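Just so it is clear, A, B, C and D label the chains in written order, and each chain counts residues from 1 on its own.
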Amino acid sequence: MIEKLSNLHDAIKKNVSSDDLIFIGGFGHLIPFYLTHELIRQNINNLSICRSGADILFDQLIASGIIKKVIFGYIGNPTVGLSHSFNRAYKFNTIEIEEWTNQSIIMRLHAARMGIDFIPSKILQIGDLPENIQFIKKIISPYTGQEYSAIPSLKPDVALIHAQQADKYGNVQMWGIDGDTVEGALASDRIIVSVERIIDNKEIKESPEKTIIPSHRVTNIVELPWGAYPSYVSGFYSRDDQHYISYDSLSRNESELERYLNEWVINVDNIELYMEKIGKENRLSLEKGLCGTLDES
Amino acid sequence: MKVNHREINPDKRIAMIAAMELKGYRSCFVGIGIPSDTACLAKDTIEPNINLIYESGAIGAMPKTKSYSTGSPSIAHRSDMITDSFSVFSDLQAGRIDVGLLSAAQIDIFGNLNSTVIGGYQNPKVRMVGSGGAHDIACLIPNLIILMPHDPRRFVEKVDFITSPGSGAAFDKLRVKYQLGKGPSILITDKAKFVMSPSGWNLDSILDDFTYEEAVEGIPWKLSVSNKRIKIDQDILSKVDSISGL
Amino acid sequence: MIEKLSNLHDAIKKNVSSDDLIFIGGFGHLIPFYLTHELIRQNINNLSICRSGADILFDQLIASGIIKKVIFGYIGNPTVGLSHSFNRAYKFNTIEIEEWTNQSIIMRLHAARMGIDFIPSKILQIGDLPENIQFIKKIISPYTGQEYSAIPSLKPDVALIHAQQADKYGNVQMWGIDGDTVEGALASDRIIVSVERIIDNKEIKESPEKTIIPSHRVTNIVELPWGAYPSYVSGFYSRDDQHYISYDSLSRNESELERYLNEWVINVDNIELYMEKIGKENRLSLEKGLCGTLDES
Amino acid sequence: MKVNHREINPDKRIAMIAAMELKGYRSCFVGIGIPSDTACLAKDTIEPNINLIYESGAIGAMPKTKSYSTGSPSIAHRSDMITDSFSVFSDLQAGRIDVGLLSAAQIDIFGNLNSTVIGGYQNPKVRMVGSGGAHDIACLIPNLIILMPHDPRRFVEKVDFITSPGSGAAFDKLRVKYQLGKGPSILITDKAKFVMSPSGWNLDSILDDFTYEEAVEGIPWKLSVSNKRIKIDQDILSKVDSISGL
């Protein structure tokens, strides 16, 4: 079998180019922070990024100036507040946006995954959203005459996702909350996956139901333990809610945010440094948290 | 137990009043915050048969700690099922989920909700988080209950942007034409309950210990008087403090 | 919570009526033989039945004279041969058919599951099948002008499926081959599930990823161990290939088939009798077979 | 090792010749029987990188015992992934699966395949199993290889029913118009290999130990002579007996 293991630098360098449309996985759970930060470290720019509900990872990418366009259903810091970098960029017109809803983004990815141009849907026919999506069209059911919105497909060039484990051939296993992660990955031309650990193919075959992307669809696997921090990984570590809360206040201020990005992205250019930066004590406490390795609840 | 409802915090009051509206439903599409807390409270008391559905794909959770994201550990942990968002939204569009709970930054007389921008879309005063699943739920769910803290700035003649479409004269005909849900039918604030009519919200009833004037204060819609009182179920009252997010 | 447990008789009696359209689950794996046989025992007739790939359970239903219409992508006895009862009924015009392909049947169910009238697809535009599906229509993409077939939704009144386990509230857990079983169930108005065993809700919550239908969608749960015989249940018992092979020869002859149906359906009116009929020795051997409880391979 | 290929049974000959065609592919949509056996043989020998995809949703299996159904225990057991049929067919339609293998009851000069009826559709002499996934694969897969036992009754001028559309003059233009795969390009029998041209199948090469007359016997299409010989890969030859279904 072809081995898909790669170091982080090459996986991104070889598979992501300026102007690409990138789907970024993670729905509260399994957000590929460290993998995606590599786009910032390699300064690959003019990127379009998409997903349904986007959180502070999108904010960080926008703040880094490498994003041309955001395609989204929600963008913010869940429960905590707004995406301040997005809001600044929106205000100063330094990014393009394409604003949908969570369901419509997922259906756009679903259409691409199915290999068709569009899917009919009942949403996006009333309210102010439809008229702000200038290219959205209608479609009439040839059976009933029912009028639908035609949700156009969205086919990303690359998907960046994080999962629990994979073998070296690229069989990727994930459990817990998925959201639109698998949908977005399967819609994409290339799929790059960071994982908490590499396992043997024998272990994959013991629970094939856990495999969510087949090996032949996967471009590269990168082993990045703690790569989803400050989000979480079911069975490994819990979510660092406090990190999200702090991010809200610091990201209101551009120079504070620059310092944060230096500290948490630019200067931590290997995963061991990232783990060090998180801190031993904090890691232990997150392993003991809900869904962590040491969770006893 | 005699309680002065004025001494209970506003979020809890909303959750208590709204929980009583969930009686008889079997499945509820909820977001994080008061909607999720309300559904948990109902499930823990008057409607144990209701199944909580989060757009992250988790079903059947009863979060014991505060959740920040619909995909948080507390939502996944000890749920009955974890499927994907596609599946949940498909069930929503197919009319397979009974009732939804939504909140927003602004609401108007027809229950139109705004979570997109304050001011104009191109050049807003405040840019907010956008629809998320709110537009989708507002369009598709058969029964929709709106939860709003009684902050007069949130109640407006006309929302700045219709993220999640309302009902009444505004959209009733189009809702039938497009086979959508019937739109918001109930609005719960921390002081009162309103019900939708073709001409917009009517005041239905007022929480004990609050006056009519308090219930409608700062709300710009014409509202007739109601003497109906909301009595909180005793079981709900005794359990509201145990709900994690409240 | 509402308890969904039911005895077999009531689950079918209360939820299936003459003229219903029924989706029958099982794709090689988990075919709901015993649950579906109850339709024959209760003589509920004028039924329409549908699924993508149909095997000898469809043949038995047709032979029993309770079927008005078959909607299918494939009908036969996999690898072994044809569906002889289907072929007789087709020859003598005693059933209606609606012949699709496996993919189009699955997309029809998928459209119903999504709550829309139709899904665009590239298939069924060339060859002789499209012209024999008289009501199939075309749809043009409003974005690209691409011409697609419009695959109409198919929404069954009832789904009959078999799974490994469920709790009394109706949370259904399944693993191994799914095929179109879950898709068909989620497309249906009512869902009746037979399971190998009832488990505690606590156990459901330990592996929520295994749950494939949420409790509020399920109409009734019926405990029917060995209910999928002669097909198989991963983790319980293997497939009785020999039963399928024997069925091929006996079902060529109508009176032999009548004897078979008396023996295997009419006279085994409780699941203990069915288990007895399978035989202790055969059951042990199937438990030792591939995917069985005692499989040590 | 000098082998007389006439002494090897026909199914094994098909599998061996066809396996050599799978070199370089990464994913293969297979059905039960010779297609599955062929792909297993290729994976076990000249193309270890090929992933076997069954329409039941199982991926990566290498069945060790004879399988009767695409959903059989041997297909699920020790596979790398079990997804659902929807997912597999979606990947197929999206052009994400490289190559497919099909067989049928009848084939004609343009590679049209029939697995539906012998005789007329309404009143057939023999009613067969229908398309299953065959029509879908024939329409959508980028590269299609047909496997047929050399039984002259199977080779006809025009199939009685086009279940799975072919290519050549018959469908090439429509295939482009509808964004379909390019249709069958290779036909393997137990004696020879044929390749598709706009005017239909051409004889490409003949298995060692067989004559031209044997390779085209009973085939009603005009076929020019070919002196090219098929040499079976030694690894394939040595492992063909170990494939379960053969």
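As a convention for this text, a contact is a pair of C-beta atoms (placed from the backbone, for glycine too) under 8 Å apart; a residue touches a chain by one contact, two chains touch by 3 or more.
Just so you know, these numbers come straight off a predicted model, no measurement behind them.
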Check your understanding: Going by the contact rule set out at the top, which chains touch both chain C and chain D?
Key -> A
Revision key, fill the gap. If you tally C-beta contacts across B-C and across A-B, the winner is A-B
Exercise for review: State, to the nearest whole Å, the distance from the C-alpha centre of chain B to the C-alpha centre of chain C.
Suggested key: 40
Practice item. List the centre-to-centre spacing of chain A and chain C in whole Å, with centres computed as mean CA coordinates. Key: 37
Review point. Cα centroid separation between chain B and chain D, in whole Å?
Key: 57
Check your understanding: In whole angstrom, how far does the Cα centroid of chain A sit from the Cα centroid of chain B?
Key -> 28
**Study point:** Multi-partner residues of chain B (each touching 2 or more other chains)
**Key:** 58, 76, 82-83, 92-93, 140
**Study point:** Where chain A touches two or more other chains at once, by residue number
**Key:** 114-116, 121-122, 146, 148, 175-176, 209
Review point. Where on chain D does chain C make contact in their complex?
Key: 32-33, 55-58, 65-77, 82-86, 89, 92-93, 112, 116, 121, 127-136, 138-140, 161-165, 171, 174-175, 177-180
Practice item. Within their complex, state which residues of chain A touch chain D. Key: 1-2, 112-116, 169, 171, 186, 201, 204-205, 208-209, 211-217
Point to revise | chain D contact footprint on chain C (complex, rising order) | key: 27-29, 52-53, 55, 72-76, 78-80, 82-83, 86-87, 90-91, 99-104, 106-107, 110, 121-129, 132, 146-148, 175-180, 182-183, 232, 234, 238-239, 241, 244, 289-291, 297
Exercise for review: Can you check the complex and tell me which residues of chain A touch chain C?
Suggested key: 114-122, 135, 137-139, 141-144, 146, 148, 150, 152, 175-176, 209-210
Point to revise | Touching residues on chain D, where the partner in the complex is chain A | key: 26-27, 48-49, 51, 53, 58-60, 76, 78-83, 87, 90-96, 140
